[in-house]
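The two complexes that follow have subunit A in common; it is paired with subunit B in the first and with subunit C in the second.
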Partner chain A sequence: MSPSERRLQKELMSLMKEPPPGVTVDGDQASQNLTLWTIHMEGVPGTLYEGEKFELQFKFTNKYPFDSPEVTFIGNNIPVHPHVYSNGHICLSILTDDWSPALSVQSVCLSIVSMLSSCKEKKRPPDNSFYVKTCNKNPKKTKWWYHDDSV
Partner chain B sequence: MNKAQCLRNVLESKEFNTLPIFLKGVASLIDGDESIKLESISSYLVDSQFLSELKDPIHGVDFAFGDSLRDVKCTLKDEESRLHELYITYEGVKKLKITSGDIPYAPFLDQCFSNVEELVGAFFRHVRSLQSYFYELENIDNNCVILDPIKPTFKDNFRNIRIDDKTWLYVEVTLDGYPSNMHLIGQSEVWQGKLQNGILNWDHDKNIVENITSIFDLNDHSISYKSLSEAIKPCDAEVKDDIICGICFCSELPDNLSVPQPLCQNLNCDVHFHKSCLFQWLVACEGGRPPSFGIINGSCPTCLQPISCSNNN
Partner chain C sequence: MAETSEAKPSPSAPGGDAGGEEEKRDERMLECNICLDTARDAVVSMCGHLFCWPCLHQWLETRPSRQVCPVCKAAISRDKVIPLYGRGNTKQEDPRNKVPPRPAGQRTEPENNSGFPGFSFGEGFHMSFGIGAFPFGVFTSTFNFGDPRPSAAPRGTAQYEEEQFLSKIFLWVAILFVLWLIFA
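On to the complex of A and B.
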C-alpha cells in the first residue's frame, strides 16, 4: 500500500467511526476507490442553510497529502454562497495556496461547514456567470484571488 | 531403498525444517543401526565436513538450523557474557558467509570463510575490540528512556534519549565507545546552553550516561526515570501507537524504521513528524528543489512557525 493509500485508509476509518456533526462519508464507495470520496453534508441548524443537504466530492492524487485534494460540491443542490460557484467550485485558500499536509478530509469538511455557517446573505459570487463559462474543470487550476476573510 | 538413501531424503526434505524435527527423523532411521554414521552422508545441500564441524562444540557457541541445512544461526557468548546472534549461510565447499549479525558493519562481515572455526574466531576477535562500544550502549539502554530505535540493538550505533516530553537527545557511539554527533531534537531552547557547556566540560573518565546526567542535571531522577519508564511499560505499546506523524498519520513507515519526532521548535506545538515526511513536504514547498547543504527551512505544517529539517537518518 502506498503512503497516500495508507493515510486515506486511516482517515476513512476515523471519519466513519467518529464523523463530525452533519457530515457523513459514503464509506462503500470510498473503500472501493480510495481516490474518490463522496461526502454528505447537512446545513447546520440555526444558519441560513438549515434543512438543506449538500454533496461534496473529494478527489485525491497519489501525491496526497503533499498535494491538496480537489474538492467540489456536486449533485442537484449547490449551496448559494458568495464563495461557491454554481458549478460547485469553492473559493477556499486551504484547498490550494494554504494547503498543508497536516490538514485532513475532516478539517477541510469543518472549514466548509464553518464557511457556510458564517454566511449572512445567500448569493452567488459576483463573477459567477463569467467564471462558470470560462473555468477549467479542475478548481485547482484556477488562480484564486481570495477577496475576503470575513465569510 | 537402502538406509543411506532414506537418510538423504530426510536431509533434503522441506518437512524437516527445524532442528528437533530433523533430528527425530534421523534418529528414527539410525535407531539400532550402527553401520550408518552421519559422516557417511553426503548431500547436495551441505558437505559432511560442515555438518561435523557443527557437531563438535566450540566453547561459548550454540548452533541452530534455519530454513535449511545451509542456514545456521550461531549464538555466541563473549568474554563479558553478552550473547550475540550471527546468521551464516553455507554457499559451497569451504565457502561460509555471514548474512547478518547484531553488530555494526565491519569489513570482515563480507569475507568468505573456509570453516566454522575460522568464522567464529574472526567474530570473537572483532567483538573483543568492541567491548567499550557494547558497554556504553548497554549502559544507555539500561539507564535512559530510549525513544528511537524502537528495539535498540548493538547494530544501531545511535540512540535517541528522552530528556523531557518535547526534547530528545541524539547520540552516536563510535566503535571505540566514544560519543559523537550529539545534538538535541525538538523544543530544546532550555537545554541547548547546557549541552554546549557540557560538551566543553566533557569528563573523559566517566561514561556517556554519567556525563549526560550531569550535563542535564538528571542526577536526582535518572533512576526514577528508568523505574518510571518501567512502571508505564505495560501501556508503553499504547503510548507509542498514539504518537503518529502529523503528515502520514502513521507511527511506522513501511520502508524505514524511524519514529515520529518532536521536530517543531514552537513550545506550544505538540506535533511529531517523521523526518522523511517533513523533509519531503518542505522540499515540495520549495518547488521540489533539494537544499544545497542537506538542511531545509520552511514552516511547520501544523502551527506555521519556522521549522527546519535535515535529510540524514
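On to the complex of A and C.
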C-alpha cells in the first residue's frame, strides 16, 4: 500500500467512525476506490442552508497529502453561495495556495461547512457565468484570486 | 475568495475515561502530522510539531520557496528541526543525514552539486553528449583548416583573440573531462 493510500485509509476509518455533525462519507465507494470519495453534507440548522443536502466529491492524486485534493460540489443541488460557482467549483484558499499536508478530508469538510454557515445572502459569485464558460474542468488549474471578504 | 482560518486537525477525540481511550490518545501524541502514523526518524520543529523526517523533507521539497510548518505555518527548515531519539535507538543517527526514500527525479541538495552544471552523470543521454559532441566541437574551432567559419570574428581583432583563448580553455576542460571520465 502506497503512503498516500495508507493515509487515505486511516482518514476514511476515522471519518466513518467519528464523522463531524452533518457530514457522512460514502464508505463503500471510497473503500473500493480510495482516490475518489463522495461526501454527503447537510445544511446546518439555523443557517441559510438549513434542510438542504449537498454532495461533495474529493479526488486525490498519489502525491496526497503533499498535493491538495480536488474538491467540488456535485449532484443537482449546488449551494448558492458567493464562493461556489454553479458548476460546483469552490473558491477556498486551503484547496490550493494554503493547502498543508496536516489538513485532512475532515478539516476541509469543516471549512466548507463553516463557509456555508457564515453566509449572509444566498447569491452566486459575480463572475459566475463567465467563469463557468471558460474554466478548466479541474478547479485546481484555476488561478484563484482570494480576497478576504470573510463570507 | 474565502480566506479561511484553517481548520486545524484537532486531536480532540471525545474524551473518554476508559483506559483504552487514554492509551489511544497517548499514541496519537506521537503521530506524525503528515502521514498520521507513529513518527519514524522523528524530528520536532521549533514550534513543537512532530513529523517523520522523510515526510517533512518531502513537504519542504514540495514548496522550497515557502517552507512553513504544515500545522501552524511558522517558518521551518532543515536546520531548525531537532531529531528525537527514543530509548531503543542506540545509534543516535541523525535522521537528517539519511537520504529519505523518495521518488526518482527529485532535485538533490544544493551542496552536493558537481562542478559541471548540465552534465548529469548516470543518465545515458547527457553522458553520450559529453563524450561525443563536446571534444568534437572544440576540435573544429581550434584547428580550423584555413576556412574560418562565416560567423568567426576577423583575425587580429580582440574578439578573435578572445575566441581563440576561450576555445583553448574549452579544449583543456574537454581533455580533463575525458581523462576524468576514463580514470574516475
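The definition used in the following text is that the second predicted complex is superposed on the first by the 150 of 151 C-alpha atoms of A that agree within 3 Å, B and C clash if a C-alpha of one lies under 4 Å from a C-alpha of the other, contacts with A are read in each partner's own complex, and residues count from 1 in each chain.
Note that in this section contacts are C-beta pairs under 8 Å (C-beta built on N, C-alpha and C of every residue); 3 or more make two chains touch, one makes a residue touch a chain.
Values in this document were obtained by computation on a predicted structure and should not be read as measured data.
Applying the stated contact rule after C-alpha superposition, one finds that A:L56 touches neither subunit B nor subunit C. In the superposition on chain A, contact of A:W144 is made with subunit C only, not with subunit B. Touch criterion not met for A:L34: it reaches neither subunit B nor subunit C. Contacts of A:M115 after superposition: subunit C is touched, whereas subunit B is not reached. More residues of subunit A are in touch with C than with the other of subunit B and subunit C. Applying the stated contact rule after C-alpha superposition, one finds that A:S100 touches each of subunit B and subunit C. Of the two partner chains placed by the overlay, neither subunit B nor subunit C lies in contact with A:L15. Put simply, subunit A uses residues 3, 6-7, 10-11, 65-66, 100-102, 104 to touch subunit B in one complex and subunit C in the other. For subunit B in complex with subunit A, the residues that touch the partner chain are 246-250, 253-254, 271, 277, 280-281, 284, 301-302, 304. Residues 1, 3, 6-7, 10-11, 65-66, 100-102, 104 of subunit A are the ones that touch subunit B when the two sit in their complex.
Taken together, the subunit A residues at the contact with subunit C in this complex read 3, 6-7, 10-11, 18, 65-67, 82-83, 91-94, 98, 100-104, 106-108, 110-111, 114-115, 125, 144-151. Those residues of subunit C lying in contact with subunit A across their complex are 1-4, 6-9, 13-14, 33-37, 49, 55, 58-59, 62, 68, 70-71, 73.
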